[in-house]
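Presented below are the structures under discussion, each in the form of structure tokens.
Both of the next two complexes hold subunit A, though its partner changes from subunit B to subunit C.
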Partner chain A sequence: MSLIIKHCRSNGITSSFNLRIWRLNSTSMDVAAKKGEEEEEFRVLDILKKRDKVQKKVARRNDVQPDRADRMAVDQNWGNVWPGPKTFHPSSVPLPIRQGYVPKGQAPPGKKANAELMKIPNFLHLTPPVVKAQCEAIKQYCTEWPKLLNSEEAIEKHYPVEVITSDYCHASPSIRNPLARIVTLRVKLATLNLDKHARDKFLRLVGDRYDEKTDLVTITADRCPARKQNLDYVDYLLTACYHESLNVEEWEKDKTEDDMEYYDWDKNASKKSLVQWYLRMKNENVDLKDEQFIEYDISQIPNAESYKNAVSSLMNDGENESTVNNYAKEVRALLGLPEKLVV
Partner chain B sequence: MENLPSPAIELDKLFKRVELEMRGIDPAVLLSYSWFCVAAASHLGIEVTKNWALRKAEKERHTLLRCVHIYKKHKVQYEIRTYFRFIHLQRLTGSTCDTYLEYIERNLPEGCALKVTKVECVKMPDYITTSGKDI
Partner chain C sequence: MNNSLIKLSKSHLSSKSQILPWAAITESHIHTSAPMCRVVSGKYRITKKRDRPLTYEMANPPHYIAHRKTWNSWNTSSLKDGLRRSETVLEDEFIRRFMTGTWHGLMCSEIIVKRQFNHIRVAAIVRRAISPTKMYFLLGYTEELLSNWLQCPVTLELQTVDSFKDVVFKYI
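Entry: the complex of A and B
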């Protein structure tokens, strides 16, 4: 039943629609016919062009409002006029701004219809009173720095580890920056409280990540895709190096003089020759073993202690003028030679 | 159910130093923005230790031979200039740092980029300070 009704209705509509089209066609045809009759007159040649000279009167509207910038009160709240970042609009800014490059001697163009002013990002929404008011509003979320941590030493004492990360904020299709994953950990070696063996082992494990001048160990991790993972990895590296350096392995006892990281005078040939020389001076023919040489007390030899220090500093700190001169002085004192003559 | 352990108190982070590096195509805009950053920091009671700009822009140059075939003298050079500005802040707590950075990053003008390097100071972990001797 409903189908039939629908059919009937659609039929009725189409018929009326056809009618309308027909009417429209007829009217348009009528108009064309009338136009044809009017345009049949010949055009007149206007040699002096008198007709064009007559200026058309431009109808000016009387109800155009004056510029908004001119009607602003002097004591208005500027933050309400310009609440957020917006392209420059001349009618909203009551300032005689000029901007643009012009030949010498001319004034730059004014603010109206000035593209130069619209191109540059403006800070009209961040005027000093507005910034102050906004800061007052967000100050409730801030907390004070603890008062006892008022110096670098205090911070370093209680919080010796530094974790350095970077955040990036820029206009690009993606808000993510892969560089933000990098985490750097810095710690002073002295704060780890390592003993002599552990320190040596730690430095060998860490390699060139240790800076001698500042005593800082810097561990950087960028191998994981997320910052959290890198942070965990850096922590793991520090912990692993620390505990590994505390371990003493069996093979570490095989360390020879060549593997030493510094010059130990007591275990070197220098001490052996000194002791031998001293014994020969006293006409004692004693055959000493290597361990006895190492354990030999040199305090009974005059000037031996300072000679030891001179040799050690020469070997450890490298040859420079002061160490070499010091060595020369100590050798003269040891052998009982006269002081060097200053010519 | 009632004997659930109370959630551990999350301590605020401590940032020894926060370094802002802003780069942009217009030095005047960067100057205004740095002024805004310093003003906001002073209102929030954050110490600003340093505030400076590079004397010259970093220039990325590309040389192009305009002629298709020969004539090496018809070369043009295009360059992209990037201006830098730096601000160093000192001693911020985690909440202060978050608030300040959120405020600043929301007001970053067009054509500028901001890199924030945070130096957080952390306590030495327990497993390094104490347990070293036990193992």
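Entry: the complex of A and C
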């Protein structure tokens, strides 16, 4: 049987030679078969066997399709070719891309069989026309921005409380990130409409959560495991602080000059001495009590109002060149001394 | 001999009840780990006949990562405060081993594992040595099994080449 198959593959004179030998061989085999099992023959040494060796058929498929990039129409919609994020595939990208480091004078490896191009993230699915089309598609789900909230000031006025949370996007089977639970609440202190006492108490309650420069109170909560709980907690903290600061406790009346958070000129010794000096100037010998000193109207004293402001700013803002100079000027004005000459 | 001495001292010490909590210290623990081999790892020696084929990945030693070649694993775990660091590394290594074993003798490049959200993209270059039918079967088989084990969608993004010679960058 194998002999016929052989014949097809060989050619010329050798084939006929081959054929003959094979026939001889096979006839001898046939004869042996006919003789039966009673007489066993020696096996024939096939010297030329090497030449008849069946060459193993290599399974090579030649039906590899040509590249899609070559068959693509020129006006092909690229969004249909590359609809989503995908690893780079050279046969569908009609660009002569090369990547790789090579010594000077050589061309970098081409796009085919280039693992470097497959590694890097590509944005072939986000070409400008595709982005435009997708934006158009999701436009129907958008609502118009309220017209009255056209500026930052308007937004701040109508929505004074600002809540800051973070969402995390990462590559992991779980979408949870423990950092997403942290909630920060920011509110401008001026929008809370607190009076002098309540403001002072509120600032004492919130401590270093108040920033003087921006007038913002920042409350951060991360103690609860879920964001919703933290959100409720910061709301509760703000509400509790607000209402507590409005309360006036019995013991708050015991506040002395040492507990004051700022310098109040009316309640300090400076006013007392000014009033005493003024009364002595007028040769009035009146014995005033502490309350009377505090309530004394200084508008009748010339230059006293600006002197009061100068002293208050010197004590509250600290000593610097401008406050000290201002103080000196006001004292000269109060005492009727000539102004300082600039030499 | 050392071993027996330690055992002896241990048994001797542990007989006294007050030293019992200290038993762990009296044992000698030897910890071993693979050597780094900074000088030779990831580098290939030049052969006499200059006939060792190298891919682009192999031709550039590890210190050229981020200069001449990029990482084979892309994920957010390696960033600062990234989550699931060790798990990610282990899963990536598992994917690599599973792929090289399943596509036996067909992989012509390193296996690139890219993660986006919970989606794992596995990219590689494969030899066209088996019939497309078998290749499609292996593709589905690999995706199905990996997504079952890792509990997230896995996509295989393969590129095929005729033979290994197509990915050879140079011979040394």
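As a working rule, the second predicted complex is superposed on the first by the 276 of 343 C-alpha atoms of A that agree within 3 Å, B and C clash if a C-alpha of one lies under 4 Å from a C-alpha of the other, contacts with A are read in each partner's own complex, and residues count from 1 in each chain.
Note that a contact is a pair of C-beta atoms (placed from the backbone, for glycine too) under 8 Å apart; a residue touches a chain by one contact, two chains touch by 3 or more.
Remember, it's a predicted structure, so these values are computed and weren't measured experimentally.
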**OP:** For A:Gly100, select first, second, both or neither according to whether it touches subunit B, subunit C, the two together, or no partner.
**Re:** second
**OP:** Could you tell me if A:Cys135 is touching subunit B, subunit C, both of them or neither one (first, second, both, neither)?
**Re:** first
**OP:** Quick one: classify A:Ala171 as touching subunit B (first), subunit C (second), both or neither.
**Re:** both
**OP:** Could you look at A:Pro85 and tell me whether it touches subunit B, subunit C, both or neither (first, second, both, neither)?
**Re:** both
**OP:** Could you look at A:Arg71 and tell me whether it touches subunit B, subunit C, both or neither (first, second, both, neither)?
**Re:** neither
Original post:
So, does A:Pro121 touch the first partner subunit B, the second partner subunit C, both, or neither?
Top reply: both
Original post:
In the superposed arrangement, does A:Leu149 touch subunit B (first), subunit C (second), both or neither?
Top reply: first
**OP:** Mind working out whether A:Val163 is in touch with subunit B, subunit C, both or neither, as first, second, both or neither?
**Re:** first
Original post:
If you count the residues of subunit A that each partner touches, which comes out higher, subunit B or subunit C?
Top reply: B
**OP:** Would you mind listing the overlap between the subunit B footprint and the subunit C footprint on subunit A?
**Re:** 85, 120-121, 169-171
**OP:** Would you pull the subunit B residues touching subunit A in the complex into a rising list?
**Re:** 12, 14, 16, 26, 28-29, 32-33, 36, 39-40, 43-45, 91-93, 95-96, 98-101, 103, 105, 107-125, 127-128, 132, 135
**OP:** State the interface residues of subunit A toward subunit B in the complex, per the touch definition above.
**Re:** 85, 120-121, 123, 126, 128, 131-132, 134-136, 138-139, 141-146, 149, 155, 158-171, 187, 191-193, 235, 238-239, 242-243, 246-247
**OP:** Sort out for me which residues of subunit A touch subunit C in the complex.
**Re:** 59, 61, 64, 85-87, 89-90, 100-101, 109, 112-116, 118-121, 169-175, 177, 179
Original post:
Within the complex, which stretch of subunit C touches subunit A?
Top reply: 55-57, 60, 64, 67-72, 74-77, 81-84, 88, 108-110, 112, 114-118, 121, 123, 125, 128, 131-132, 150-152, 157, 159, 161-162, 166-167, 169
